[in-house]
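There are two complexes below, and they share chain A, which is joined by chain B in the first and by chain C in the second.
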Partner chain A sequence: MNELIPLFEFQRVFVTPWTQDFSSSVWIVLMGFFVATACGLVGNYLILRRMALVGDAISHSILPGIAVAFLISGSRGSLPMFLGALVAGAVTTVLIEVIHKKSRVKQDAAIGIAFTSLFAVGVILISLFASKVDLDQECVLYGEIAFIPLEGMVEFAGLTLGPPSVVRMALVTLVVALLVGLFYKELLVSSFDPALAFSLGINSTFVHYALMAMLSVVVVSAFEAVGAILVIAMLILPGATATLLSHRFPVMLGLTVLHAALSAVLGLHLGVWLNCSLAAAMVVAGTGLFIAAAAVFGYQQTHAHEHSQNNNLRGRRGD
Partner chain B sequence: MSPPPLEIHDLTVAYHKKPVLWGVDLVVPPGKLVGIVGPNGAGKSTLIKAAMGLLPVSSGWVKVFGEPVAKNLRRVGYVPQRESVDWDFPVSVMDVVLMGRYGKLGLLKRPTKADHDKARECLDKVKMLPYANRQISNLSGGQQQRVFLARALAQESDLYFMDEPFSGVDAATESAIIALLHELRAAGKTLLVVHHDLPTARNYFDMLLLLNMRVVAFGPTEEVFNYETLQKTYGGRLTILSEVAEAVRVKG
Partner chain C sequence: MNSRTNRTTVRLLYLLSSLLYLLFTTPAHAARIGDLSETSLWDQALRFLTFQDPSVRYALLGSMLLGISCGLLGSFLVVRKMALVGDALSHAVLPGVALGFLWNMSKDPVAIFIGATLAGLLGTAVVNLLKQTTPLKEDTALGLVLASFFAVGICLVTMIQRLPTGNKSGIDKFLFGQAAAIGAADVQLMAVVTGLVVVVIALFYKEFLVTSFDAGFARAVGLPVQAFHYGLMLLLAFAVVIALQAVGVVLVSAMLITPAAAAYLLTDRMHRMLLLAAVFGMAAGALGAFLSFLGNNLPTGPFMVLAATAVFAAAFLFGPRHGIVARWWRQRSRAARIQRENTLKAIYHVLEARNFQGEGVSFSELAERRRETEEEIQVQAAALARHELATLPGEADALFLTPAGWQTACAIVRNHRLWELYLTHTAQIAPDHVHEDAEKIEHVLGEDMVRELERRLNYATKDPHGKVIPGVPVMLETKPEATPGYGRSA
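The block that comes next holds the complex of A and B.
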């Protein structure tokens, strides 16, 4: 056995987390679940709209957003950070549109320009003012879900709810799920056919910016736990896995939640086994689920896809 | 007299400062099946998109049933080009047709049983009811087009804009579409259809709009469909001109 890989001990990996360390395991898994669910639900729409890269962009550009928010407010409070990240998200979205529309640069290149520039500004700001702000670059980039049990507990009306970041993430997840449920029609039709949405009196531009705002809120809530980089995986993996397993959007949303739950639990055990970053372990577990889904159901899907491609070709030949 | 279904005055549309449509004036009478023909890049799709308010216009205005189009969108139905959407999208045929009902539902409402019944009725009209539960990627081009038409029917509009509904469909679908257009016309609807095939244009439509950046001619098909106007529309495009000559010859 290689010394680099810790020995797999069933007791330590699967039993102890739920006996000896029960309370910390629960909060960590719940946090992972909420992060992956909120990200996954929004991510489904990003995938459908072929905007996965925008999630990438916004998760990077919140770095300058929170840096500026720190500098202005001087606090690490969640409200200034929220606002900073939200503004950064909005700036990124608008910047991408402006670069794309006002120049002949294609959208993917515009995204590349917008977020790398903003990210670089964020890095400069943090390194310039590192002495003044209590901001850990490692934490911003990779997050630390393992510290959650060290937080105090939020109490409300005599009830102990849980660590503040978990409570916050639960609220965000609830709001996202509610919005996705309430505006299901509008989100669906504007993702599928924006022109039709317009003719139905649904403002696709508004839906686009609302989705971007939701994405910014989700990303900034999630980044404390999993960091600005791993959150991208959380955005894409659940939806991508669901895409392999179902052709029905409501089913895909359900599978997204299932994927989130499984990633969180399996990630915890993987992290305990390897004694590594729990956020990274959760992402790797999610990737494992994706690969498993691709291995089992991928062929069928590719086959169906080729079938439709052929049909399209057949259709176009008649032009 | 009730206002015309569509009235366009001095409409100019530009992409990146290059005009695509120039000073379009048009009054479409009710209950007509109007074909919009012209060479590639003539601005056919642009015209219907601008008429619906989908594209910003540089000048001019559009009225639908006497009101600015934005106020009367409920009365407008739209069939986009088939290629404009992702057919791998995770929805069923039924889901797509139900989208046509969304405009009537308003915020926070889910499609009711009546909406489902209406959607089924529309699918039946285009003979796609047996495919209602199919994922849309498992459809042929003609079937996809019929789904789009069923969706337009479900919108229950009075004025329809259709962008190349005949593009890349099989013969059965083509005749099904024509039958449907005639049925809509009989119900008093007004239809504007972008079409690119000249020989069939003459048979399909009551009126033709010959377009090449400007309106070259607009009127009843038998008046407008002649060598002179077609040559004006298609200019020096030789291959198409011979096609035009052929079309005129067949007509004579």
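The block that comes next holds the complex of A and C.
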């Protein structure tokens, strides 16, 4: 057991990452933060719309798109990867619709069939062409956040911004945040009350597809860092945690960002301590935060119950 | 019901025992699959298909066994609309696999089985807890459990791989599956679990059926619905866990969902669906094991999943009742029948306009009546001739109805006019509003309905527009059940 769980040395776990290994830790934490923020912001809407498992499906099914793009372009260029993944995402959506609408298979089973098949195609492509594709099965599962290439720093107006992958993720996060800010009302209303959205002249179908497109872009850009499966945690954990702590949507968005930042930092330390996959450690840290939030929520519920018999039912399921 | 269940059970048990027979009778004298490399595709295929190699037999048997148990339990998931619960559960077992592995740092099937089952059950319990005590909805709870359990599992797996002994342990094979890694002990465990699944489902078939389809009724007759739910979850966890080695954590859910969904497309009977799903699962397992064996060190899970998807696609496209092709064909033939009937109706109208004088109806008359070109009429006439409803004698550019054609034409016009009369007479709809509706219903009214309409309308002879409602002539040479009964008494 001692072999498995290394001794907790304060110096190694908390000091070294920020002194000796500063140049790599800072980018890892920033990368984790950007991924979790972009995913979390989109994920909040997925949770509201009860589409959390669509995130699951899309994140699995972009894999063949990415693999084919690698095979054709022969490089890790961002553009082919994005295109491939978007095509794969669209194919998934169409497949789910076709299976669901054209046969008596229910939607949940249709989702299950479509994304597992596409994921299987992706894994087979990667293992068949392992030598030609700069990708492996491990990367698919938990990404390579610990191996951010530090060469070729992006410079802008004389300022060194950072490694290209981090800058790219930062841009995606910025765009997502901007879109969420600009179309705050449209997204909110169409998520909570499609009828009201219709009466306000908001095109809910367009909002839906825009959200799906945003989801695909976020998942693709997060793929390299955290892989295809852990990204689901990045999508759902921040929003679920925020849901337990607040009923107000702006506060929830704020809590999402806070959750992203905390899980990136805590995850780094956890990962360094246990010497395991950093992406997985970040998710585990985020899960810890969720459990803490659930405890707070449970305490509030029982507390409210003791003090006012009448007001405590607000927001409780099924009461 | 009971005898059917027994028959299904007997078939499944037969399947199982023949698989085990295969295991213990073929001579064993070769190395494990993993020891080989650099062999040609053909050699590998030959090695697989001759079953000389015990590891080939283990891999094949294991894959088929897991296909059976996954197919059976997946059927219940699919009809309960819980497909994604299977997905969450299958990801949630990963930390249990890792802990079971840590028990004595080896792939001890029993330790891994216990650890993974516990983790899977804990996962489903957490989903239920979150659903009941927090405002989070089911999909969020499922996604949350799926991803966070999986992350804990990945942490543990990467920690194990870092250990000096862990690196060669093959724990990473649990992620995408490697049928070649299945050993004799694994197959024994799989056989036990599959047997258990078959027996439990057979014993409690009725209870599982009722709780799956009508939980309210099940509760009313005093069945412990929750207990059966958890029982199903436990069996499901067993099935997922024995499938892990070959299919891998990531894709196990497909082996639950896809064969069962394919079976669902082919039958309406649960016992038949169970049998089909088991057979499909078995076939997908065997095919996947074979395909992954052809390459060097290819993961097995994805191939099994694609084999299952191929079965599903076949059922989806070519299923006899719900398949796309069958439905398209039915739609097409229905459209063609309606087209023929409309042509016959137009012929009747032409004949009626000239007081049924003369026999043949020329294409130009018909084209004028239907407001179509003569080419279109020629196509329709040819269709009538193919179905022996009319004859086209030579260059006359006219057609003559056969007795069958005349009979159908009368029946359609009768249906139309009866319906118009019914709408104006009984439903009190204005006479100029009933034509469109009658145009549609004339093709679907059955003889029983026609009898009833006639009775209600006191055997009226004229429609609201003053036209005669035709009687249908009896054709003596046709079989009695094929003859429209109208006019039999007249």
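Note that the second predicted complex is superposed on the first by the 287 of 319 C-alpha atoms of A that agree within 3 Å, B and C clash if a C-alpha of one lies under 4 Å from a C-alpha of the other, contacts with A are read in each partner's own complex, and residues count from 1 in each chain.
Simple rule for what comes next: contacts are C-beta pairs under 8 Å (C-beta built on N, C-alpha and C of every residue); 3 or more make two chains touch, one makes a residue touch a chain.
Model, not experiment: these values are computed from the prediction.
Undergrad: Who does A:T243 touch here: chain B (first), chain C (second), both, or neither?
TA: Once the two structures are laid over each other on A, A:T243 reaches both partners.
Undergrad: Which one hits more chain A residues, chain B or chain C?
TA: C
Undergrad: Between chain B (first) and chain C (second), which does A:L274 come into contact with in this model arrangement: first, second, both, or neither?
TA: A:L274 sits against chain C, while chain B stays out of touch.
Undergrad: For A:F290, decide between first (touching chain B), second (touching chain C), both and neither.
TA: second
Undergrad: One more residue to check, A:A233. First (chain B), second (chain C), both or neither?
TA: second
Undergrad: With the two complexes superposed on chain A, say which partner A:M252 touches: chain B (first), chain C (second), both, or neither.
TA: Only chain B; A:M252 stays clear of chain C.
Undergrad: Mind working out whether A:K185 is in touch with chain B, chain C, both or neither, as first, second, both or neither?
TA: A:K185: touches chain B, not chain C.
Undergrad: Is A:A195 touching anything from chain B or chain C once the two structures are fitted on A? First, second, both or neither.
TA: Once the two structures are laid over each other on A, A:A195 reaches chain B alone.
Undergrad: Considering only the touch criterion stated at the top, classify A:K106 as touching first (chain B), second (chain C), both, or neither.
TA: A:K106: touches chain C, not chain B.
Undergrad: Considering only the contact definition stated at the top, list the common interface residues of chain A for chain B and chain C.
TA: Residues 50, 243, 315-318, which sit in both footprints.
Undergrad: For chain C, which residues count as touching chain A in their complex?
TA: So the residues of chain C touching chain A come out as 78, 81-84, 86-87, 91, 102, 130-137, 139-140, 142-144, 146-148, 150-152, 154-156, 158-160, 162-163, 172, 175-176, 250-251, 253-254, 256-258, 260-261, 264-265, 295, 297-299, 301-303, 305-306, 309, 312, 316, 322, 324.
Undergrad: Residues of chain A touching chain C in their complex?
TA: So the residues of chain A touching chain C come out as 3-5, 47, 50-53, 55-56, 99, 102-106, 108-109, 111-113, 116-117, 119-121, 123-124, 127-128, 137-138, 141-142, 229-230, 232-233, 235-237, 239-240, 243-244, 271, 274-277, 279-281, 283-284, 286-287, 290, 294, 297-298, 301, 315-318.
Undergrad: Residues of chain B touching chain A in their complex?
TA: Touch residues, chain B against chain A: 49, 52-54, 73-74, 76-78, 80, 82, 84-92, 95-96, 99-100, 102-103, 105, 107-108, 110, 135, 137-142, 144, 151, 155, 167-170.
Undergrad: In the complex, go through chain A and note every residue touching chain B.
TA: Those in contact with chain B are residues 48, 50, 182-186, 188-189, 191-193, 195-196, 198-202, 243, 246-249, 252, 304-305, 307-308, 311-312, 314-319.
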